[in-house]
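Multiple structures are listed underneath, in structure tokens.
First subunit A sits with subunit B, and in the next complex the same chain sits with subunit C.
Moving on to the complex of A and B:
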């Protein structure tokens, strides 16, 4: 059931009706039933994988709380994490690995079979969420959930199960099982947030995708300049698609009285690539920090490496080499997590290298700025940094969108070495599948997002400002937003609501 | 102990008055790289073992919280 489908709308209204009319002690049960119904519409068989992760994690959690010896706890944790990440890896990477191995095995006369494996919806998201719960239990952060049904709800909560945000047990679970009264303000906030999400998704992302697919799927036929335009549209698309989807998810949860964490903090205002990743997909970044980066950096091998590098290099450089290496491993992992394809590995390496390198050169860079008389805190340098970061992100997007690593490199080559700026004309743009009105809508829509982002960046709370207007203004604005969606959204001729990009991960 | 902790923090970033800050983590004054460097120094200086399970915002938001954590670990907890 797609979040943009009328069916989802009906499903949400129906769930809200039952949720707020039944006695409050049954509310969490309604959420559980709704979550499994929602998930099962994506395929009954795939629900089995969700159940498997839920059950193994739940019982491992109970065991962790009961076991006394640290070694035993470690073993349980390792086995269950291995099983669940193994399942994820098998479903995600088996065919890729088998195809790769078959090239070598062919000489020896063997071939590994490949299967048509369907990836369960949101498997990465609920696997990460469950693993976080288990690691926290191992670290003694809280006690295990003793009710299987309540735990199942934590893993499967319907708005967030398909594309996050990846939540923490101690923040989400108590909210899911607590009784909630119908709250007019929360309902209104929820609707506003959902409409904002739909605005991003069906007004902008679903238009931008037309240009992106047209050019990138047949990039050989286009000059570098048009490829660059298509990748720029892809940057718009992926932000509006993912953050819009998260707004819809958070809005739906808010209507039910549940606050999900933020996943984006205006990444296009980032001042460095590291800053970008602190603003983009926050819940994955935080997960990687707490469960991969920290343990890795504090592990014995990294500690020993740190001692050696501090001896070899005096000053900051010696201290940050092991941390940079850990961060590089994190980015490599995030790259692989995106999918079984060399282009994602390259994407991880690209980000990891730039970030590690910038940390190493930072002290020298600051000295250079001082010599040039540039104030690193000044507005001029801020703008340069933001533009530079966007350029780096833009180049990185070549890897994630191209069909393969080879295609990404060729597209980059064309952009840099055969740009052909004269090829950009009104007619050339109109040949990419969008009309003049479409381009205008994308432009205006993006400006609205940029304007709202700028105001938020300055610390203005848009919804609080709205709050101070009278109810007629507030509801008129909502209605206007709804009308915009109906008139300029996907329901026009020729447009098909596309699936959200991140739910495939 | 406070003086030692403050001098380690000052080495990380000399522009911040760490004794006055109450939200070192939540306000992003210390990022994850700083935390790792800080933990390395604290472990060496006070002969303790701060592990990933201790890396919670509430343990690092203020100098007092950091000192509390050190004392707790020195006492064997």
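Moving on to the complex of A and C:
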């Protein structure tokens, strides 16, 4: 069930009605039922994978709390993580790996079979969420959940199961099972957040994607300048689609009285690539930091490595190298997390290299700035950094959107070596599948998002400010938002002009 | 300051308000005509958007005006409602719909048989109906009316109430752009249910190369292979319709429509044979699908749609109309006895040969003559005599415009080397100089006098002297000879700027700032007067018009065609190709200008091309 489908809207309304009419102690059960119903609409068979992860993690959790010996705990943790990540890896990466291996195995006259595997919705998200729970238990952060149904709700909570945010057990689970009274404030904020999410998704992302698909799926036919424009639209599309989706998820949860964590913090204002990843898909970044980066940095091999580098390089550099390496590994992993394809590995390496390299050169860079008389805290340098970061992100997007690594490299090559700026004309843009009105809507919509983001960066609470306005202002804004959503969103499709009807006959 | 509860109330109110606004807008604009289109009453727009729905909505209210129906895919539109009314003494409505989905046709027939008075049903089919059966689309532009479908009315009206407002907006915008001639948003003629073919009926169709240039699809005809996957469904549907017609005592006429010959290659002849034998076992049907005319693209609009000309011929054949031209071997009634043999046509290679139904006809254009020439435009008596003598010696036979019409409409052959001689404006010199010479050689000619100048030697009611124009007595004398035809050059749409100033209408064109409506009225009134006076004074029908200054437009052609002007003439140079059965070959005829410098030799050269 897509978050933008009318079915989801109805589903949410009914869930809310039941949720707030039943006695409070059954509320969490309504959520569980709704979550499984929601998930099952994506395919009954796939629900099995979700259950498998839920059950294995649940019992492993119980076991971890009971086991005394650290080695035993470690074994249980390793086995269950291996199983769940194994399942994820098999479903997500097996075909890719098999195809790769087959190239080599072909010489030996042997081929691995490939399967047409359906990926369960949100498997990356709920696997990571469950793994986080188990690692926390291992670390003794909290006690295991003893009610399987309640735990199942934590793994499957419906608005978030498909695309996150990846939540922590100690933050989410208590909210899910606590009774919630109908709260008009929460309802209002939830609706507002959802409207904002829909605005990003169906007004902007759904338009931007037209240009993106048109150009990038047939990039050979376009000059570098139009490819760059398409990649720029892709940056817009992916941000609006993903963060808009998260807004819808968070808004829906908020209506139910549940606060989900933030997942985006205006990443286009980031001052470095590392900063970008602290603002983009935060819940994944935090997960990686807590469950990969820290354990890695504190592990024995890294400790030894640190010793060696400190010996080899005097001063700061020696200390930085292990951190930089750990960062590289984290981003490499994030790359692979995105999907099974060489391009994602390249994407991981690209981010990892830039970030770990910047860690290494940062001290030298600061010294250089000082010599040049540039204030690293000043507004000028801030703007330079933001632009530079966006440029780096932009280049990285070539990898995630292109059909393959080869295509990404060719697209980059075209962008840098045959840009052909003259090829950009009004007609050329109109040939990319959007009308003038569409471009105008994308432009104005992006400006609104940028403006809102800017105000938020400045620490302004926009909704609080609006609340203070009189009803006419509030109603105008609401009607404007709804009308835009209805006429430029919902009714964007499903119209066939007469000339196209009659043309066929 | 507003509480959250108030905000939520406002939110709900806004949602309901927007939903209501959309419903009201869709109800008022009613782009599919499902609510009766009370405000615009623009049914041709509604039919264009979805004929399945809009025609039924229209008939539900007005079916008492009709008692017979044509149904099938859009090619059915080429069967003339007027001719059917004449042949069957009925009141036909063309209920065709886009696409040839027999599932929709069957449901629609069931619906009208149940709810309307139906005396005759013309079912227009093709082999293609067994290739696709049910589109199964749920688009607003494709679906059947819920009443026809037998589905939920609530859901149906709900769908149209919440239709994309872009449809209503399009209707409003189109309404503003609406003109007299059909545009792609209003392609239907409401009262007949057929396409408004006013433009296609006046399209000049002559030589094949010109046609290819205009319709390149025939040069590069798409190659496909069609499997008759729905043969069983097709047969079952026709059987159902047949039974229903017997039960309700409806006269059923089944027609297989004409195909372009290359289209016939899409089908597997064995499958066609099965279809023919099985269908013939259920009902006899008139098969016009393949004939040597199928190789001539000029009888087709595009890959799959034949022109009215073939539709008229088919109906003339079915109903035995002796006054209309149709090749004797065009169309066969298929019965179990000949089904196999008829299906074999799909294996036959048809070779294009238009020699026995086309002819090249040059039309000569003269104006004023004089005893001695005074400038190249005025032909001297001597030169004219030499030209006519040369024509006679070269074996040319002059023919009248009536003969051209008879050739095209009735298939009456023309003499060898036909030529048409015409004179514009109606100068007295035509009577004094040309007529005696023509008589001497027994040559026919057509003269187009300007109505307001007949018998004048000054410009209308002014004292300005002009070349004298012959009067009605002289015109009658010439016409009575049987050699001279008098036709129209407009009554007063060839005015002189010199004498009338800026407001003169020098040709059949709108004046600056003149509305389309006013111009149409002016053309109608002018030609009606020209025809009325000529017919009253001379006693012969007026059916042709030479355009003043040769200036014409789609609009003038449409108006004149509606006034049953069968031949129009321009000043564009060239030789015409006439085609039997294709009235468009008589439109905007080209003419060869003859002046004092055209020696007899040069003239023959021009004619010999």
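Basically, the second predicted complex is superposed on the first by the 483 of 505 C-alpha atoms of A that agree within 3 Å, B and C clash if a C-alpha of one lies under 4 Å from a C-alpha of the other, contacts with A are read in each partner's own complex, and residues count from 1 in each chain.
Everything that follows uses one rule, which is that contacts are C-beta pairs under 8 Å (C-beta built on N, C-alpha and C of every residue); 3 or more make two chains touch, one makes a residue touch a chain.
All figures in this text were calculated on a predicted structure; none of them were measured in a lab.
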item: Subunit B versus subunit C as contact partner of A:488, first or second or both or neither; value: neither
item: Subunit B versus subunit C, judged by how many residues of subunit A each one touches; value: C
item: Contacts of A:184 with subunit B and subunit C, given as first, second, both or neither; value: second
item: First, second, both or neither for A:350, with subunit B first and subunit C second; value: neither
item: Subunit B versus subunit C as contact partner of A:319, first or second or both or neither; value: first
item: Touched partner set for A:242, first subunit B, second subunit C, both or neither; value: neither
item: Which of subunit B and subunit C A:478 touches, first, second, both or neither; value: second
item: Partner chain(s) touched by A:468 [first = subunit B, second = subunit C, both, neither]; value: second
item: Contacts of A:199 with subunit B and subunit C, given as first, second, both or neither; value: neither
item: Residues of subunit A that lie at the interface with subunit B and also at the interface with subunit C; value: none
item: Contacting residues of subunit A [partner subunit B, same complex]; value: 139-141, 274, 278, 289-290, 293-295, 297-298, 303, 306, 319-320, 323, 326-327, 359
item: Subunit C partner contacts - residues on subunit A that touch it in the complex; value: 184-185, 187-188, 191, 467-468, 470-471, 474-475, 478-479, 482-483, 486-487, 491, 493-499, 501-505
item: Footprint of subunit A on subunit B - complex, ascending; value: 28, 31-33, 35-37, 39-40, 50-53, 55-56
item: List of subunit C residues in touch with subunit A within their complex; value: 1-8, 10-11, 14-15, 18, 22, 45, 48-49, 74, 98-99, 139-141, 164-167, 170, 174, 184-185, 187, 305
